[in-house]
Amino acid sequence: MINKTVANADEAVKDIFDNATLMLGGFGLCGIPENCIAALIRKGVRGLTCISNNAGVDDFGIGLMLKTKQVKKMISSYVGENAEFERQLLSGELEVELIPQGTLATRCMMAGYGIPAFYTPAGVGTEVANQKETRNFKGKEYLMEHAFDADFAIVKAWKGDAAGNLVFRGTARNFNPLMAMAGKITIAEVEELVEVGELDPNEIHTPGIYVNRIFKGENYEKRIEQRTIRKG
Amino acid sequence: MALTKEQIAQRIARELQNGFYVNLGIGIPTLVANYIPQGMNVVLQSENGLLGMGPFPYENEVDADIINAGKQTITTLPGTSFFDSAMSFGMIRSQRIDLTVLGAMEVSENGDIANWKIPGKMVKGMGGAMDLVASAKNIVVAMMQTNPKGESKLLPACTLPLTGQKCIKKVCTELGYYEIKDGAFHLIELAPGVTVNEIKAKTAGKLVVPDGVREMTF
Amino acid sequence: MINKTVANADEAVKDIFDNATLMLGGFGLCGIPENCIAALIRKGVRGLTCISNNAGVDDFGIGLMLKTKQVKKMISSYVGENAEFERQLLSGELEVELIPQGTLATRCMMAGYGIPAFYTPAGVGTEVANQKETRNFKGKEYLMEHAFDADFAIVKAWKGDAAGNLVFRGTARNFNPLMAMAGKITIAEVEELVEVGELDPNEIHTPGIYVNRIFKGENYEKRIEQRTIRKG
Amino acid sequence: MALTKEQIAQRIARELQNGFYVNLGIGIPTLVANYIPQGMNVVLQSENGLLGMGPFPYENEVDADIINAGKQTITTLPGTSFFDSAMSFGMIRSQRIDLTVLGAMEVSENGDIANWKIPGKMVKGMGGAMDLVASAKNIVVAMMQTNPKGESKLLPACTLPLTGQKCIKKVCTELGYYEIKDGAFHLIELAPGVTVNEIKAKTAGKLVVPDGVREMTF
């Protein structure tokens, strides 16, 4: 097996350059690459274009990189509640491209599948369709959408091994396996780095071929955005 | 008397059938889950990547890795499956979801919907709404009939940027239940005690009131 | 949970009609729906169009349905060694459409993903490109290919539950989960039908929403096409 | 002396580098696996849905659910993963495979390949060959230099229906090792004892023989 392990987050992100395009896994604060985000802040790389479904909150997730003004552009489906985000957007410091969530997910997947373009009905007849080619298949209108092109994909998995195989847990899976397939360089941080051979080959979500670097993350906070409980 | 939010949800829940896969949006739509009839098998899909959503967790069950599309902590049920967001929207686009319930800012008489953007205000994004409305075969909108200014949200044409075109089949407001067809809102049922005149006053789009329209009962 | 179980293969295939289009999972003889094939032969339904990567061998798999002349057309990537197949093809009794394997797999997946068309480089400049639209993306030529449209998908899984959730084993996975997503009606036969809740929700390959009918298959032969061994 | 099939495989194996993901076709290409240098980490992909292919099983390890793209029973290794065929060809199309080795009936001087169909003969199908040749960034063809009639298979243009266009980078035959560039077969190495004259006689396409071309050693 090919050994993809690196020592830590700082080593994993060391060649991420100013003005790079990054994919960052996670939905809300669930399944986000906490360690790599911290390392990117320590590194101070700037001018980033971030493809991520959401933009974190003011004091966690990608929100932390917004505070340090490292992000030039967000490509997201929902940017939620984030005061600093709103301030930068209104002041023109930050650019935002909003994309339907299914289209965002599929554009990642298609990059990993080597399919340059595909058709989806999402956004037909809306401003999302501006400048886009439409086409009718069997009486229904579709937009042509393109695979993303990202310099780096940064994902967070539950378990992984040195060969780069990844397993996700619960809804922390979300965009992570899609982005893992889509980066020119894919960096995976995992809660548990297990021995090669320990993962059941039937249960691997991301085969190691898609992963270039893997490391065991530390001190996961796994913050909850909406803690909803029932009494009992 | 106008319906409460719970009653809107309760009325929409009557659309449920045994064996339905259902996607519920944030807000009133979420409440529909509380009115699934006992013994009826309905499976809830959450578009972040979950089929078979259970109720909110007890305090000691909270799991940061298990949330719904509203980013709320939830639980699983026997038979639950997790998957990535591309497969999730694959299910949606390939019309495996039998019923989709969404909130809206405006609905037009030809079934257009606007629910994601108000020009001049901070835009948070469409999330999965555009995928859902473009794909779902059976969409019910749950909303108030008028906006805070008292203006009808059932319009001849949407004034806000669209989320989707000609896609909404039914609307339930606090005043009535409407089917959208042939370019008009067809009143199917009235909220208890609400008059047709009040409906007419608060429907800007083309309205069809059939003879002997029924009143809802709860 | 919605209960998808049916008693047996005969009940599962009972509404499959003459001239229907079927997808049949499997690669070679690995992971083929043995029980449903037998039931289709008992039922005697005719004029079938079968989308399946291969066409079985003379006395097993889809080969058995060729022998009974139930198949009008095969859509496959490789039809292998099958004397009866060759005879019917040369006599004009059987129609064959050959499709690159990756294109075949992806056309199934796209049906399940609600994507009507996509672009692939496979077949550019060959006779596969005849009548197909080509398009250049970033300097490379691609063909436009369409999602399949099948009346029924018939797949074989390792484990499944009454909710229709499926788990595959080894390379018997192949086309099965792709076709499971792609049929108007999907029928799954499984080696083990387990209690709902027994499958780990992280490890389900095909969520139950895609499956309409499921049953426990019997007497799997699991024939091996090329028994290659080393001495030791 | 012309190379044996094993020697062709052995020569191609010298293209391997540590960390390579490799897809080997049926026939001579399969033999390349026998010549992976000790200590070099190379992972074999099988396009039916397997990464990390091991050797053939011992009698008691045979598992009908674990086969390769040639439908042969094989084994797994620590780190193996299984996946569906769409993901498998996803890896291929997105160029994650570092080296692809294929057999061929004909190769042209501009890198076209024909290896799936002979008009008038029963056509078995292209399998994954068209996907592989259209996508792979680094393809080496392993074949005999001439067909059974003694005619060159290194041609100005393929006469058989194409599998792919301008995609082959290198060819290894029993006589020599060629790089295809600038519309010609560039002889890189000669089989031991084979003369440039023999190569010339058996190469119908444009041939470039650099000064001092090396002889292979084994």
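Order as written gives the chain letters A, B, C and D; numbering starts at 1 within each chain.
Please note the rule applied: contacts are C-beta pairs under 8 Å (C-beta built on N, C-alpha and C of every residue); 3 or more make two chains touch, one makes a residue touch a chain.
A quick note: this is a predicted structure, and the numbers were derived from the prediction, not measured.
J.: So which chains count as neighbours of both subunit B and subunit C?
T.: For subunit B paired with subunit C, the chains in contact with each are A, in label order.
J.: At what distance in angstrom does the C-alpha mean of subunit D lie from that of subunit C?
T.: Taking the average C-alpha coordinate of subunit C and of subunit D, the gap between them is 29 Å.
J.: Give, as an integer number of Å, the spacing between the C-alpha centres of subunit D and subunit A.
T.: Chain centres of subunit A and subunit D, defined by C-alpha means, are spaced 36 Å apart.
J.: Between subunit B and subunit D, what is the gap in Å from one C-alpha centre to the other?
T.: Going by mean C-alpha positions, subunit B sits 56 Å from subunit D.
J.: Could you pull out the residues of subunit D that touch at least 2 other chains?
T.: Residue numbers touching two or more other chains: 82-83, 86, 89, 92-93, 135.
J.: Please output the residue numbers of subunit C that touch at least 2 other chains, ranges allowed.
T.: As it turns out, subunit C has residues touching two or more other chains at 106, 113-115, 120-121, 168-170, 173, 201-202.
J.: Chain touch graph shape: choose line, ring, star, complete or other and state it.
T.: If you draw each chain as a dot and join those that touch, the picture is no line, ring, star or complete graph.
J.: So in the complex, the part of subunit D that touches subunit C is made up of which residues?
T.: Interface residues on subunit D, with respect to subunit C: 46-50, 55-59, 62-68, 70-74, 82-86, 88-89, 92-93, 112, 122-131, 134-135, 161-166.
J.: Inside the complex, what are the residues of subunit C that reach subunit D?
T.: Against subunit D, subunit C makes touches at 27-31, 53, 76-81, 86, 89-90, 98, 100-106, 108-109, 120-128, 158, 168-178, 205, 222-232.
J.: Within their complex, state which residues of subunit C touch subunit A.
T.: The touching residues are 106, 110, 113-121, 135, 137-138, 140, 142, 146, 167-170, 173, 200-203.
J.: Can you list the residues on subunit B that touch subunit C in the complex?
T.: 18-19, 21, 41, 43, 45, 51-52, 76-83, 86-87, 89-96, 135
J.: Looking at the complex, which residues from subunit A come into contact with subunit D?
T.: By the definition above, subunit A touches subunit D via 1-3, 111-115, 161-163, 165, 181, 195-197, 199, 201-202, 204, 207-210.
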